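Structure below; questions to follow.
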Amino acid sequence: MTLPEPLKSQILHAVAEDGGAKPAMLEALRLVQQAEGWVSDARLAQVADLLGVSTAELDSIATFYSLIFRKPVGQTVIMLCDGASCWMNGGDALRDALMDRLGIGYGQTTADGRYTLINSACVGGCDRAPALLIGPGRRLVGPLSPDGVAALLEGGL
Amino acid sequence: MTLPEPLKSQILHAVAEDGGAKPAMLEALRLVQQAEGWVSDARLAQVADLLGVSTAELDSIATFYSLIFRKPVGQTVIMLCDGASCWMNGGDALRDALMDRLGIGYGQTTADGRYTLINSACVGGCDRAPALLIGPGRRLVGPLSPDGVAALLEGGL
Amino acid sequence: MSETLPLTGRARPDRSPHTLAEWRAVGGYASVERALQMTPVQLVDLVDAANLNGRGGAGFQAAKKWRFMPAVGTSPGIGTNYLIVNGDEMEPGAFKDRFLLEALPHQVVEGAIIAAYATHSRHAIILIRDDYRAGISAIRRAIAAAEAANLLGTNILGSGFNLHLRVHPSAGRYIVGEETALISALEGGRAIPRKRPPFPAQSGLWGRPTTVNNVETISLVPHIVAQGAQWFRALSRTEEGGTKLYGVSGMVNRPQLIEAPMGTTARELIDRAGGVSGTGVLRCFQPGGGATPFLEPADLDTPMDFGHMAKAHSMLGTGTLIVLDQGTCPVAVTARHMAFYARESCGWCTPCREGLPWAARILTALEDGTATPRDIDILRMTAAEAGPRGRTFCDLMGGAMGPLASLLSRFGDLVEAHLDGGCPIRRGLL
Amino acid sequence: MSETLPLTGRARPDRSPHTLAEWRAVGGYASVERALQMTPVQLVDLVDAANLNGRGGAGFQAAKKWRFMPAVGTSPGIGTNYLIVNGDEMEPGAFKDRFLLEALPHQVVEGAIIAAYATHSRHAIILIRDDYRAGISAIRRAIAAAEAANLLGTNILGSGFNLHLRVHPSAGRYIVGEETALISALEGGRAIPRKRPPFPAQSGLWGRPTTVNNVETISLVPHIVAQGAQWFRALSRTEEGGTKLYGVSGMVNRPQLIEAPMGTTARELIDRAGGVSGTGVLRCFQPGGGATPFLEPADLDTPMDFGHMAKAHSMLGTGTLIVLDQGTCPVAVTARHMAFYARESCGWCTPCREGLPWAARILTALEDGTATPRDIDILRMTAAEAGPRGRTFCDLMGGAMGPLASLLSRFGDLVEAHLDGGCPIRRGLL
């Protein structure tokens, strides 16, 4: 499947805005991921082609930045803060509850493809520790107790 | 044989003058060569030791700069200009005469250890083409005809 | 606008950002008009007189940084200067720039316009952490509105000054927040820090003179222009000007952001955050994020500014306190920090790439009770050898060594006690 | 001192350098006293008004270069600015700096003191090609004498200005003369050029602002200070100020150095050098060393300054003409140049490391009659692809492509004629 037209023009717009193909590489990857959840090998090659850069160079960017996903992720990505303030306020218990409930560890996706769990640098929510980010909007949720995990996953929080 | 004392103190003086061991590396090599004609492996290691740099780093300098000699040279080094102005004015004939007379090619030393012949970048003597530099003072000689080679080597020029 | 809380005084309780009209109604963008009637040199002098120290962590004087920026036509090469606003906040314990970006985007844009003018920059970029989606869209909306009102773009307000301002959303990796790594990132590369010199003011983005200022620093600029240097200095309790957007988190009852005079003490901030939680008794605190050395109760009354914190052998850093009660082990906190810094190292310089994972492993071994006395020696050696500046391109390693060194010097007995079966606090022995 | 030959007017016929006393007796060092009573900015303005273009080859305005140098305390980082005097003359056909160093060392030292003062440099280095032993010792003696007379060192002549000046003898390799390679060499590394930006004025030797000026440029400075900008401009026949130390070599009867007004024509210079030798008929000439594109008899009356030579699709370069008569083949001359540049490439950038030996091999094959039409295509492609600036860190490759490109465009038929059995000129066919 070739690169869909809207994505193509978004990427070319980024090239204009960022002043060239190289500085627009990361934004191009972000745009692909925004549309499709992750960046496949096929898309990587297509974007490299569109930008006129080598696949190796584009992948060197894709693999450096932790929030560009080079394998498929679940519909909802949960990024759990592993900063010290969250840890002091029960972050480990929250982590365990999440992993138990989802049946996965960090970096994994549930079998039904609904959730991916990732540990994150301090999410800038230390006043709401323990906290996490959830979904495409990276919504900040916290403080969250282990008991709140069920409600969160059912969309209640 | 360890590094002779005067050489040692000259090198340490260069370190002070040049503001450190690294910027003084080349000067240290020059000093060794000035004293001994070339830079042997043993001296290289001793100088590296004195300067507190690795032998590899010092040798990377020694091998980059063309006028640091890492093998023995003759008592008298002849540097023959291979610039265009000398070529136009009979440089090839002068070269052939020198090689014939000495029985060596570029980069070689006569069997008796008296002469080494090297081709050189334009020696800054284009007004005296064809020209060469000779001896430790790099004395500029030119214009020199093939006929003058004998006299030059007998010290007459 | 509040006279004493310039940074947060206009924010709404629900953090919803202002429209341009709303922002103007509370006095917004008046400073842009005023600034454009001054010369860049006058602006730098004003900010100099205000003694505004950069709020990104190092506390370098903003005016001094700006003064390094050459005027148009006085630097070799071709192109404009660049202003970069650093909104990549990812420091453990830091949560202040998120607030300024989300709740007060026009304040950031306003400051960026003025700072760009002062630094002869015709192009400015606000780099924002990917996770701050609300901040990214708030700033983007603010830029669009400002462009429509000719507060950005060509011949701004008839002044002849042109400025193109855009947002660069980043995509993770703590090191992006390091100013030279950030420049590498903006040029389309991996975020690898660069050796200094050249400093960014000499050769930064695309080789052009570049200033990188933190979101909080930039947010203060319009207020200095509006109310003057004397007013700004008077806000502070110390020599360093202004208010500071402090934060308190960790073992406190009501973790929160607090705008307060520069030089407010940790005691006051912790009190305002509801006091120490857990055991209710303070063991120690980090004054400004994960990379700042631990301080103890004796330092509760030290004014929290860059100078006083340095004198107390710590750093103000981001000014966001991490509080540890008696029931919280600083070895465990340091272990978590170290794991973070080890993971986030870009991997370029050997001491950082190799030293941090090693230190992190030893700290975990201490917690678990599997460490040996020699491991503690290695920690000491690592802190001593890799702590000083200049051993690596950037200060990620040096920063990470701060809490480690202070852990070893202040809590040596506690660290050694871990050799005998792991954390004594966790086991209820202390 | 001669009014019209400032550069060489004081030189003795036997090239023996002056003692300090002798130099002072002919007015030497009066310019240092005068300069130290001016401000650095006034000096830069003076040199600006004189329109002194750098004599190293590129012709960049000296005052513009100096103006990029930040005043003390206005650049980030710690340390002084540096002035470097470039005496690494190794360009094929260039033999002018040798003369200035050997015969007029105090003129160089005097100029260095003034230029250092103007560029806020407290440390200056004169880098001299290893082969110029007489120049090295003459400059060293001049420095020692100047130091003894407090013309160097601390608080020079009571002005408060301090300057440490030293000699760095190089050790071969043409690339050392490239200003950023020279900086790498002075820092103790291989002479590998550096990417620009940062330009040396932003971050040069040890990361500090650095100016690199050619020996001839520096030698002119005292005279501008002594006699003023108007006098200096009036020396020239064109817009570019001063006299030029031209040289004529190759196929002329009396190859020599000639100081003459900037803008003197090749016809006059060749005439003064005794006219064309060999066949007595001019085929072509390079105006300023091996890296400058060929010009033909039609350009004999073009004023030789940087601007006019550029307009004529060549370069003034070092201003030392290489003259080819009808009996001398430009393919052969280019082949020798190309072998030189191929040998002297530092090897860092691929187009230069790989392209130059290839071009050199093809040119030799043309001479020998073993080349193919496809080889000429490769030469054309190499010149077109690698000639433009920016494909490599420095301009060694670009410079070498100058004569090659002009050979192909001006003497295309002659080049093609080589396909049929080698050089037709050598074989007496043309």
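Chains here go by letter, A, B, C and D, matching the order in which they are written, and residues are numbered from 1 within each.
Note that in this section contacts are C-beta pairs under 8 Å (C-beta built on N, C-alpha and C of every residue); 3 or more make two chains touch, one makes a residue touch a chain.
Everything numeric in this text was worked out from a predicted model, so none of it was measured.
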{"item": "Where chain A and chain B overlap in contact partners, by chain label", "value": "none"}
{"item": "Centroid-based (C-alpha) most distant chain relative to chain B", "value": "A"}
{"item": "For chain A paired with chain D, centre-to-centre distance based on mean C-alpha positions, whole Å", "value": "57"}
{"item": "Chain centre separation (chain C, chain D; CA means) in Å", "value": "49"}
{"item": "Chain centre separation in whole Å, for chain D relative to chain B (CA means)", "value": "24"}
{"item": "Shared-contact residues (touching 2 or more other chains) in chain C", "value": "none"}
{"item": "Two or more partner chains touched - positions in chain A", "value": "none"}
{"item": "Arrangement of touching chains [line / ring / star / complete / other]", "value": "line"}
{"item": "Chains grouped in pairs wherever the two touch, ordered by label", "value": "A-C, B-D, C-D"}
{"item": "Residues of chain D touching chain C in the complex", "value": "65, 67-68, 70, 74-77, 196-199, 201-203, 207-208"}
{"item": "Contact footprint of chain B on chain D as seen in their complex", "value": "89-95, 97-98, 129-134, 166, 168-174, 185-191, 247, 249-251, 255-257, 278, 290, 320, 322, 324, 328, 332-333, 336-337, 339-340, 344"}
{"item": "Touching residues (chain side chain B, partner chain D) in the complex", "value": "17-18, 20-27, 29-30, 60-61, 64-68, 79, 82-85, 87-89, 120-129, 133, 137-138"}
